[in-house]
Every structure is written in structure tokens, then in C-alpha cells.
Amino acid sequence: MTAPMDVTGGDTEAAPEAVVDASGGKAIQGRSLGQIAWMRLKRDKVALAGGLIVIFLILVAVFAPVIVGLLGQDPTQFNSDLIDSSTMVPKTGTGISVDHLFGIEPVNGRDIFSRVVYGARISLLIAFLATLLSVVIGTLLGVTAGFFGGLVDSIISKTMDVFLAFPLLVFAIALAGIVPDSAFGLTGDTLRVSLLVFIIGFFNWPYIGRIVRGQTLSLREREFVDAARSLGARGPYIIFRELLPNLIAPILVYATLLIPTNVLFEAALSFLGVGVRPPTPTWGGMLADAVRFYTIPHFMFFPGMAIFITVLAFNLFGDGLRDALDPKAR
Amino acid sequence: MVTYIIRRLIWAVVMLTIVSIITFAIFFLVPRLAGATSESLAARYVGRTASAEQVKIAADKLGFNDPLIVQYGRFAKGIVAGADYDYGPGVERCPAPCFGYSFLTRLPVWPDLLDRLPVTLSLAIGAAVIWVLAGVATGVLSALRRGSLFDRAAMGVALAGVSLPIFFTGIVSLVIFSYGHPFRITAPGGSFTPFDENPAMWAYNLILPWITLAFLYAAGYARLTRAGMLETMSEDYIRTARAKGLNERRVVVKHGLRGALTPILTIFGLDLGLLLGGAVLTESTYSLPGMGKYAIDAITNQDLPKVMGVTLVAAFFVVFANLIVDLLYAVVDPRVRLG
Amino acid sequence: MSFLELKDLRIHFPTDDGLVKSVDGLSFTLERGKTLGIVGESGSGKSVTSLGILGLHKGGRARISGEIWLDGEELVGAGQEHVRALRGKKMAMIFQDPLSAMHPFYTVGDQIIEAYRIHNDVSKKVARKHAIDMLGRVGIPQPERRVDSYPHEFSGGMRQRAMIAMALSCDPELLIADEPTTALDVTVQAQILDLMRDLQRDFNAALIIITHDLGVVAELSDDILVMYGGKCVEYGTSDDIFERPEHPYTWGLLGSMPRLDREPTERLMPIKGSPPSLINVPSGCAFHPRCVFEERTGGRAKTEVPELLETEGGHLVRCHLPRERRRAIWENEIKPNLEAS
Amino acid sequence: MLRRRLGVAAIGAVLALAVAACGGGSGSSSPSSSGDAAGGGAAATGEFNAALTGVVNPSDKKGGILKFANGGDWDSLDPGDTYYGYSWNFIRLYGRSLLMFKSAVGKEGNQLTPDLAEDLGTPSDDAKTWTYKLKKGIKFEDGTPVTSKDVKYAVERSFDKEVFPDGYTYFNDFLDWPKGYKGAYKSKDVNTDSAIETPDDSTIVFHLKQPLSNFDYFAQLPATIPVPKDKDTGAKYKEHVIATGPYKFEKNEIGKGFTLVRNEQWDPATDPNRKALPDGYEVSTNVNADDIDNRILAGDLDIDVAGIGIQSAALGRVLPDPALKANSDNPTSTRLWYTSINGNVPPLDNIDCRKAVQYATDKVSLQTAWGGEFSGGQIATSLLPPAIPGHEDFNLYPPGADNKGDLTKAKEALTACGQPNGFETNISYRAERPKEKAAAEALQQSLGRVGIKLTLKPFPQADYFALYAGKPGYAKDYKIGLAMNGWQSDWPDGFGFLQQIVDSRVIRDTGGSSNISVRDPEVDKLIDQAMKETDTNARNAIWTQIDKKVMEDSFILPNVWTKTLLVRSKNATNIFVNDAYGMYDYLGMGVK
């Protein structure tokens, strides 16, 4: 959609560009962009809190077996004896006890704490990998389009348009629903995770691609690129040595902000039953199970809050990062 | 201008064609890669107790034995030129655009889509009105009172808003305001009342999904508007406007908002376009019989003509919204020239 | 009392990085029909001063103290609404970059009409005629056609003329031009400066020209005020500044002034370093880290803030060097160099 | 907050009950028509399960509108297409088939009674020919008299599975159709007298390929509801079905709902089975299932037409609350949830390995997974549900005293099978069905105790039988050793229940059959025997024998016989459960 429009006289994509030219005029000298960003980030308590929660969540995901070993039990372990067989809910209402810190699930009595902890693994793994995929494809194609321009740009831009016109969620559900349980030499969780990473990552790259393309277009006109070109540097050299380093800041910001979107996406697919297969715990899947027992909000609370806190933490941190790298937006 | 629109329309058609080809290919190929044969595909559309011979007849009838290109061609031809529709006792003309007829109910898809459209339209437009008003107002106020308690509170709520999955807020809203509630606000599910039938009931049935959906978007728009306003209000021309002696209200509304809302217009167009193609999660959560629910049901039943129809209509809205946004942009921003 | 008088004006901004003292104790006077040039590098506080006079820092984060008297009225303590009514009417401003200073979405005519109608209760039609008149007066050809153009459809010089037309639309008594020619190329610069001189004469307004380029004010100004680090470092008549400058910073500015009779790349008296941080203002004389003659003060420059003192006949200088020493340096070391080239 | 709200609602319900109880007399068990119309003299029985054995709120009051809702889409309203029990229960309101199930309480509802026909069918030619005489004076809603030709046409059109994919194929499979016959639409001018003869307008004769002792059950199928040929619009007929029953369609929006109003052409004199009390019916489809429950409890909706009982959430509200529980019923339906054990997938080809699965299963957690003892079902130990003649209580694999499995026996069986440490296989289920998922997970847990490691394989419902679990090649290649499955009898006899799930001849390489594991030639032979046997008791004994044989083979792991918790409408009269459908009978109901 951007291609046929031409803005005369001004650069409308000013916001990300500001990331590059640091703090104007206030005479903070002699510090690199990274240092300035870190200085600003340090002062942003909310963003730091977000960052800490993110680190905490990553640790929880990585050390899930240890945490669960100490405070929970196998997340797929049934505790049928704690369940009222007529109403299918825990005999004590929520099932919270010393053994089950967050209580137990209805029907099968699985430990909610352990499932929430293990759920972080799937959620973060898919969100990170999908983001990585989007960033890699988006950066490669975005830089290529922006740098070479002309027909290449035209083809890539139109491809992005086509991708953006797809009803993404419908498509993701359809694809995740019809891919069989063993394909491409993969099975089980590995296949499902790969599949979800592919679906989420592959359909999101145009968002990164557009930003990178716009940045590249404006960077291409800068002096240092001209200088490199006049010294006889070739396309790949300019892309990797001159352009990419200058694109890192905006890519980092948008990648950080894409992660929470992907967390929500994965949760939505799991909620709709096309995510990772049970009994592997996922937050979306837990929520879907809990909905049947909505009269006891307890079951919804933990997976719902897990999604909320994770997304919020990434958003807070991403916002802080953007503000730190782009003082104009403050 | 006219040539531009024509060019864009041609591109829109090309894009929709590509979308349809990819959709078709995926739904055609993936099951076959998973080991399906024409007969096994047909078997699901003739009931569970049909004989092998009946399955074979159905497979032929549904065209499963033709190559992909022929099947796609038939589909595309139906949209452009209409198709003949065999409903059993006779053959009927299914006029263009004919999206074929459901494998499962044997009814044409297009009237179904037309039937679902008002629901999604009502949901999307009603929510859009709320979220634009609420989001923009909050964003402007926040920007003008940057750092104030209001700003912090509003931005906190907004951030929470964009961080909550709609299927969670939706259910919570149903639990609190609807299920088993003596004065329940909404009657979720299947209770869509067309606007022209009873405007009050129409609004009554939609108010909860509207608010939930609008909350999600309003949060995003408040953040966008705030950022846009902050950026615009630091523009030189705002300083000029103040130097001219304009009062602050006029500076904000006429000069600030005008600049800040232009990029939001683009995002709004795209959001609305996407939403008109079906608010999948919202419609599922509230059991609203709109395009999104239709899409999910179609996918569940592997009803290819329905999936194709709803995908294309959704893509059409996105492409169309893009075109409208670009045209509007040219109207709003005199610097933009279309060419 | 003078038409415009600033007394000990201070404009400070609290920021995350500390308190920015953009303007720190500035005083001067200006009469109707006279022109004052305020000169300094970017960040010296000159633009902040002009915005301060117009009251555009009011209601923001700025901490403002001191007094601004305009035609017998004190503005620092006056209500926001009161100052707003004066803006555009009694005092107007011309900004540096007319492309960004004019709203891109409204036509030039609309923007002039808006400025006129705020302060004059007239119909749109009358205002439009007035706008066309003004555009004509600032030398825009075919004003009745150009009035409906958007800013981006103008050339740089034409835009600045339109900007001037907008500022003058309500016949202001004080006109502040903030770097009015910086964004323009050299030939257009001269035209704009000519235009401003003519108009000032016609309107009999007091004019403040703010620039980093002494060349711009050389021809135009009656008095010149040199700012550095938020303070006035030298003030005097145009003659004082160009013929008898006494502050090392002014010498530096003179040295870096482009002249037609000199090779453009030649810089005989370059000012080393960059402008000071306004948060951690250097101790003592703010200019000392960059001053070539700093050691000749015997270390005082590093510790003691110099005062703005009169040398003779209203010529003020803020420097620790004794007056004779300054004159000697100017006569013997600087002036010959400047002229020799 | 939530709890308080629910509390308020519950108190409201208690008050409503109390008021009703003050209204007068206690419940009755027979449809006495003594209640006076105005005073609401017929009171709520106020007893759990009262509607299983008697009529609750008996009344003959006419008028009012009954409100129904469906949590999903109606599969089809077309009599030749519809294949859901609730739809067959409901279709009697607008359509009349040759025979019908009696609108009566409990087991009495299992009895067939003539509807269009004057009497039950007359067999001849060793039960290969069945003859029915039609009553006089029955008309379509447009006043045209119904003839036997309309019935014949209705059966012929239902043959076309391409147009009517939902329905059953009993007529297709058993009638003696001419070779290459493709149904009324595609074989328009083919003489079908070899299958159905109509010697005159009021006689219809069916000719079968093989003897069938229970053809009367075929004659109650909705496909025998007459369809006027000139009004037939094929796939679109479901949009406006021409009524023969006491109600006809006023408005019908597929996917949203429809309304029924009185059919003036229906003559009560020809119809002793229908009271036709309400003035009409309002039905909405695709309604949120939880909302249906809440609305029924609140009284502004009468019936969840699907008859699947209340959702888990409402269950937690109704069961602990004595007042609410007293206004509910808990029938057992003729549906069995089971797990197919595929003998084609090693090591399950070994009978001892299959038996190990039977012994290791924790039936209690399975029951909870299906919904608990009220809304899940009764733990099943064999195939035939208790309501079906031929059912016998036996348990070949006693799962221990606490019903949680006999692990010692399971290990012995594993050792006998040569897999003492267990084995690995997959279990499939329909991805869209949370209860199947829960049951699969429960099995995974309980079999894991003896080292049988299950991997869960969800598949889309639409393709479950056609592409995956039901496709022998796929199931074998991808080692789908266990598959979640379910079956509800099309009518309450052994044939209707067992034939489709234990006859190995229904298994096709192309997939799609419900039987995906039982392959035993002896069972097939027994089925043929039963179909020929005209003596009901002897026939039922054969079905019992088949049941036992399949259990001995251990091709099926029965989970539960479904039970549903139904909540009675606050506004409806004559509420009772009909065993033929395992849900409230929709024909007898009226409005208070």
C-alpha cells in the first residue's frame, strides 16, 4: 500500500528514524546509542519491572522441571481422588492445598501450578521462535526491497500486501487444523511447535518487513552509504556492514513488541484447540478447559493471569526499550 | 486519480486471485499430503453409512477426481460467470458471484455469506464507533496532560487492555454480566436481531461484544493517539499556531488532532477491513453468527467452498479498506499525490 | 519606559537529566522602530528567549522568573489568556523553517486568514482579501491564485515570504524573527532580509532577529546581543560589536562569519569545541573551556562567574580579562588577522 | 461477586418452586387431565428423576408458545436427511411417518405405534416383504391428500446421499433396488417396483433383499414422512418442509432458527398420538450452550432441544442445590462411549495385550472425564445399553473393587502377551470434543500405570472416520491402536445398536465406517442369524451373545452409557422422558 503513494517534501515515517539520530541538541555527548538507551532504560522503573518479569518468566520456563520438582508434581498427573465424581470439580472447591499451590483442575485433578509453570515453556518458546522467524524473513526481504528498489522492491512489497490481505487467524486455524500428526519427519510436540512457529512467524513477517524496508529506504540516501558506494563497496557489503547495524535498534524494538502479540496468538490457537496437543499444558488450552467450569472462576484465573502478565511484561519492556532508543516518542 | 483507482482495482483483483489460489491450493493439497484420496475426501460429505459406490458418485460429483487446476478453474468461473447448481430434482442457475455450494448442506455459499455479513458489520462498526471515540479522546487527554494521574491511569488501563486476550475478557464479561444474571445485559449467541427489525434489540444483543472488542482496540488507539498527539504537539506548526494567538482548544483540535489523526486513519482502515472479514475470536466467544464464526464452522467441517468464500470476502475487505484508506489519505493530506 | 524591556529573565526546564538553564538572567531593552539582533550558537538560549517573550512556555514545564515589560505591561506574571490575546496581534513571530512551521494540511491562505480573524472580527471574505493583500505586499506573485496553495507547493523563499505575511497580518508592534534565513539559499536570504527591512520601516515595529550568523544582523540591526550558555556575554550597538568587540566569543563569531571578500573555507578564528551543556554549566565563565585566552585570566575564569559590565556608552561585556587587555588583544591579535585575509 | 450473583439466582429459583408448591397437589405419575386450566393445579412434582417414571405437570391446557434452543446447528430439517435423535423426536411435530414411537413415559415410549399407517407392518415372504395400509383423510399443509406414492417418493429421494449426506442408508442397503439405481433425482424414470410398490393410493409394499424381522423400525424412520414430488426442492427442501403433522413452518432461517405454527390441515381424528397443545414453537439455533442452561434455569427458555443435558458449569449449580436438583431428571440414553481397540495395530493384534488395556483402565477417572455420574454416564461393562432389549449385566474384566482397574491382572495379561513392561501406541480422539479429549487423557494416565504409553492424537471431527481413525490403512500405518468412539442406537433394539459397530463387513478401505476395530467372522455370522430371527426373544438372545463375543475378543473398551442431566422447563406441562430418545418427549408438552 505504500508503494503508489508519494509524500512530497516531508518524511512521514519519522518515528522510527528518530531512533538513529539520538537525542537532539541537549548536548549529551560522547556516549554511544546503546549507552544512552541503557541510561534511559535504567531510569524507566516500569520498563525495568517489565524486563525483570520477562527474565523471571524465562527462568521459570527454563527451570520448569526444577520448580515443579520442588513445588508441584508432574503436570500430567491425575488426582482423581480429589475430584467430586458427580460435578467433576475438586471436592474442596478449588483444591488449593500445600501440595497444590494453585489448586487443581476440574475433571482430572491435575496440579494447576505445575501446568502454569510448564505452560510458560510452550508459550515463550513459540513466541520467541516465531518472532525470530518473522524478524529473519522480514529483515532479509525488507532490506532487499529497500536497498535494491525497482522491480525487486515492487515484487516484495506486493508480496507483503498479499500476505497482509490474508485473514490470518482463519488461515492459521485452518492450517493448524488440517496438518496431520506426523509430517515432515516430525511428530508430537516437536511437530506442533514447529508448525505453530511456522504459521505465526511466517504470516507475521510483512509487519517487520515493512518497517525494515522503510528504514532501509531512508538509510540508503544517507551519506555513509553513498560514501561506501563511492569507495566501490558492493551490495552485500553495504547491506551487512552499513545498513544492518543501523537497523538493529528499530528491529529490536519491533521484535520485542511482536513477542507479546505472538504469545496472544499462540494462546488463541491453543484456546481454539489447534495448538500444541494435550496433555502438554498450554495456557490457552487450560483456559479452554476452564471455560466449561466458568462458575468457578478459579480455574480461569491462573492461566488467564499468566497470559496477561506475560504479555503485559513484554509490552512494558518493549515500550521502555522503544522510548529509550527513540527519545522523540517520550 | 481515475487511472489510479483503475490501476488499484486491477491490482485488487490480482491480489484476490492470488489469495484464492493459495487458499485453494492449501485446502486441496494438505489433506492429500496427509494421505487423503478423492474417495476419502468425499466420504465425509455423504454421511457415515454410505456405500463405496455412493462415495464414488459423490467424489465425481464434487469434482474431487479432477486435477487441482480444473477444480480451481471451476471455482473461479463460478465467481465471474456464475455456475449451474444441481440441487437434486433440477438444476438452477447460481448467478455470479457464485462461490459454489457447501459440500455439506448442498446450499449455495453466497446467500449464506450475505446472511452473516450484517452480524459482522454490526459488530465491527458498532465497536469501531466506541473504540474510536473512547480511544482518541483518552489518547488526546493523556497527551495533553502528560505525566498527570489521568495519563498514568489511562495508559496503565490501555496497556492492560492490549495485553488481555479477547477470549478471556469475553468470557469474564459473560460471566459477570450475562450468564445467569437476573438483569443480564446481553443475550449471547444466536440472538442477533437485525437493525431494521428492532434497533433497540439489535443494540441490546451486541452491547457486550461491542464493549469487549472496543476495549481491546480502544486501548491500542489511546496509545497510538497519545503518541501521535505528543509528536504532533511538538511540531513547529503547533508553535506557529500558538504564536498566532490561537486559544489552546483550537490549537489542539484544529492543528494538533488533524495532524495526529491522519496516521490513525490508516490503521483504522486496516483494522476495520480485517475485522469486517470476521472477528473470529469475538464471534466465537459470544456465539455471534457472523463471518468469523462461519469461518470457524466451515474449517471444522472442512467445507472447502465455505472456507474459500469466507476467505475471499475477508481478503476483499482488507484490499478494499486499503484502497479507501489511500484515497482518503489523499483527501486528508494534501501532500500526498496518487500516481 | 522602553517599548520592550527584559529584566533578569530566567527560563529553566526540569528534565530527567537535570535542570536545563536555557536562559539565565537576561536583560535588555528595545524601542519601536529599532532592531535588535540576538546572536549565538544553537543551544545558547536565544530561541528560548524569543518564545519566552511570546509567552509560549507558559503552562508547560518551564520555570520562568524575571520580568518582561511590553508597552507598559508585565508579561511574566500576566495570565495565560491575556498573553495569548497579545500574541499574533501585538507581537508576532517568524520561524526558522517555514515548511515545518506551517501546517501542511491547510492552505497558506487559510493559515493567514485564521491568524487575521482571531484578532479581527471580520468575515471570511474580508479576511481573504486581506490575506491576498498581505501576500502581495511580501512580494508573492499572483497572490489571488497562490492564496489557495499548500505550503509544500511553495518554494523555500516564497514560503518564508508567506510566513512573514502571516506574522504581519495583524500589524504587530513587536516582530521576532527566529533564524529567518537559515533554511534558505544565499540569494534568497538577501531578498528576505531586504524585505524585512522594508517592512519594518513600513510598519514601524520593533524587530528582534535571532541568528547564529553575525552576517545576517550586520546590515539590519541597531543593537546586537551575543548570547552564550543562556547568558548575555556582550551587548552593544552594531558598531560596538563589529568594530570594537571585546568578548573572545564574539571574536570567534566574527572569525567564523562568512564574507564575500574571503575564501569561504577559511576560518581564521575558529571556536574549538562545542556548546556547553546547559545542565552541568562549566564552572566560572561558561566559555572558559573553549576560550583561547583563558589562561590570561589567571585561573579566575575557572572558578568565578564573570559579571556583565559596561565598558563604555552602553557596551556591555562579560569577561574576566581586564578591559585594556581585551582591547589590546582585539587590536593586535584579532583584527589584523581578520582584515589581512 | 460471581458467587453472590449466582446465589441470588438460586434463591430466585427456590422461591419459584416454593410458590409452585403452594399452588396445590403433589405430582402424579399418570397423564391425568384433572388440572384446571387457569389455576396451575398441576404442580411440580419436586422430585429428582420424577419425569423418568411419570408425567410432571400434567395438563391439557392448549395455547402458548414453547421456546427451544439448539447449541449447534440443526443437522437438517429435511425428513430424508436428518440423523439426530433430537431431530427425530422433534420432527414428529411437523411430519408423520408410517409408524412412530409412542409419546409415552419411559419404556412405554419404546413401543412402535401406527401413525400414517393403520397398523404395524404385515410381513410376508419370510419377512422379506412388508406391507402397510395408510389411514384415510391425511393431508399436506396445502390440503393435498397424502398418498402412498408420496411415501414412496420420500424414500426414493432419500436414496441420494450426494444431496442428503446426513442421513442413514438403511433403505439403500436393504431394499431390493434395481441395479444401478441412484435415487429419485438421478434415476428419474427407473421403475422401482422391485423395491417399493404402491398398488393403490393407500397401500405401500416394501421388498427387501434379505429377510429382516424388525423392519417396523425402518418404517418409523423420518424418511417415510411423505414428500410431495411437485414441492420437492432437493437440497433446499429443508428450507421449507411441507408439513403433515399438527405444525407447519412459518419462518425458517437456516443457521439461526425457525418458528412453527398450527397446521390447519392436520386432522386430530386421524391422529391419536398427538395432543398438539401449544399454539406454536420458537426455535433458535447456534445458541451459546451455557446460556441455554442459564435461560432454562431462569425460565425464559423451555428446552435445550439437543437433549444432551446441561453443561459442566450448570451442573455445579444444579447438583449441590436440592431445590434445583429436584427439578431435574437424569435419564440414561442408548449411547455408549467406548474406545475401539484396533487389532490391526501390533502388539494389540495379541488378545492378551488388548485384555491388558481392559484391566488397566481406571473406570472412575474415565467416568469423570465423560462428565461424572450424572452428566457423563453409568460405567459400562459391555456394549448393549441397559435400555435396549438384549442387555445383560456381565463384566468379563472386573476392574477391582474400587473400579479403578486391576493392575495385577493387567500385568499378567501383559506378560502373557509378551510385553511385560508395557508397550507404546497412540490414541485418537475428535479435537473439537473436550470430553473425548479428557477421556483420552484419563486413559493415558491409567494405562501408564502398567507401562502402556499412549500418545494423544486429536483429529478434526469432520475427517475423523473418513481420513484418520476410521480409515484402516491410516490407522494401521500411524499406529492408532486406540480410538475414542461413540454410538447411539438408531432405535432401541440390538440391530439398531450393534450392526454398525461390530459387523466387520461395514469396514471399508476408503474409510468412514463407525466400526473401526471389530473384525470377527463369528460375530458377522451371528448378526446374519439375528436379522433372520423373527422371534423377538430368540433374536434378543443372539444380540446378547454378540455382545459377549465382542467383549471376549476385547475389540472394544466400553467407557460409559451416557446419562444426561435435564432441567425441566418452568413453563412447560406434561414433561416426561421418552426412553426411545433418552430425552424429554417433545410431542406431549404444553404450556402452563
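By written order: A, B, C and D. Residues from 1 in each chain.
Convention: contacts are C-beta pairs under 8 Å (C-beta built on N, C-alpha and C of every residue); 3 or more make two chains touch, one makes a residue touch a chain.
Predicted model, so just to flag it, every value in this text is computed and none were measured.
Student: On the document's contact criterion, could you list the chains that touch chain A and likewise touch chain C?
Tutor: Both chain A and chain C are touched by B, going by the contact rule given at the top.
Student: State the chain with the largest centre-to-centre distance from chain A, centres being mean CA positions.
Tutor: The most remote chain is C.
Student: Determine the chain that sits nearest the middle of the structure, using the mean of its CA atoms as its centre.
Tutor: Measuring from the global C-alpha mean, the nearest chain centre belongs to B.
Student: Determine which of the two chain pairs, A-D or B-D, is joined by the larger number of C-beta pairs in contact.
Tutor: Between B-D and A-D, contacts are more numerous in B-D.
Student: So what's the Cα centroid distance for chain A and chain D, whole Å?
Tutor: Comparing mean C-alpha positions, chain D is 46 Å from chain A.
Student: Rounded to a whole Å, what is the gap between the Cα centroids of chain B and chain D?
Tutor: It comes to 38 Å between the two C-alpha centres.
Student: With chain centres taken as the means of their Cα atoms, state the distance from chain B to chain C in Å.
Tutor: 55
Student: Between chain C and chain D, what's the gap in Å when you average each chain's C-alpha atoms?
Tutor: One centre to the other, that is 90 Å.
Student: Mind pulling the residue numbers of chain C that touch at least two other chains?
Tutor: Residues 100, 104, 152 of chain C touch two or more partner chains.
Student: What are the residue numbers in chain D that touch two or more other chains?
Tutor: 2, 6, 290, 313, 317, 432, 460
Student: Can you list every residue of chain A that touches 2 or more other chains, as numbers and ranges?
Tutor: 8-10, 177-178, 180, 294-295, 297
Student: Please give the residue numbers of chain C that touch chain B in the complex, ascending.
Tutor: 51, 54, 56, 59, 81, 84-89, 92-93, 95, 97, 100-105, 114-115, 118-119, 150, 152, 166
Student: Flag every residue of chain A that touches chain D in the complex, lowest number first.
Tutor: Listed in rising order, the residues are 76-78, 80, 83-89, 106-108, 177-178, 180-182, 188, 273-274, 277-279, 288-289, 292-297.
Student: In the complex of these two chains, what residues of chain D are touching chain B?
Tutor: Those in contact with chain B are residues 1-2, 5-6, 8-9, 12, 69, 73, 76, 83, 157, 160-169, 172-173, 182, 184-185, 232-238, 253-257, 284-288, 290-291, 294, 297-298, 313, 317, 432, 460-463, 465-467, 471, 473-474, 477, 500, 506, 508, 510-514.
Student: Using the touch definition from the top, list the residues of chain B that touch chain A in their complex.
Tutor: Going by the criterion above, the answer is residues 4, 7-8, 11, 15-16, 18-19, 22-23, 26-27, 30-31, 33-35, 159-160, 162-165, 167-168, 171-172, 174-175, 179, 227, 230-231, 234, 263, 270, 274, 277-278, 280-281, 284, 292, 295-296, 299-300, 302, 307, 310-311, 314-315, 318-319, 322, 325-326, 329-330, 333, 335-339.
Student: For a test of understanding, state which residues of chain A touch chain B in their complex under the given definition.
Tutor: 1, 4-10, 12, 14-15, 158, 161-162, 164-167, 169-171, 173-175, 177-180, 183, 260, 264, 267-268, 271-272, 284, 287, 291, 294-295, 297, 300, 304, 307-308, 311-312, 315-316, 319, 328-330
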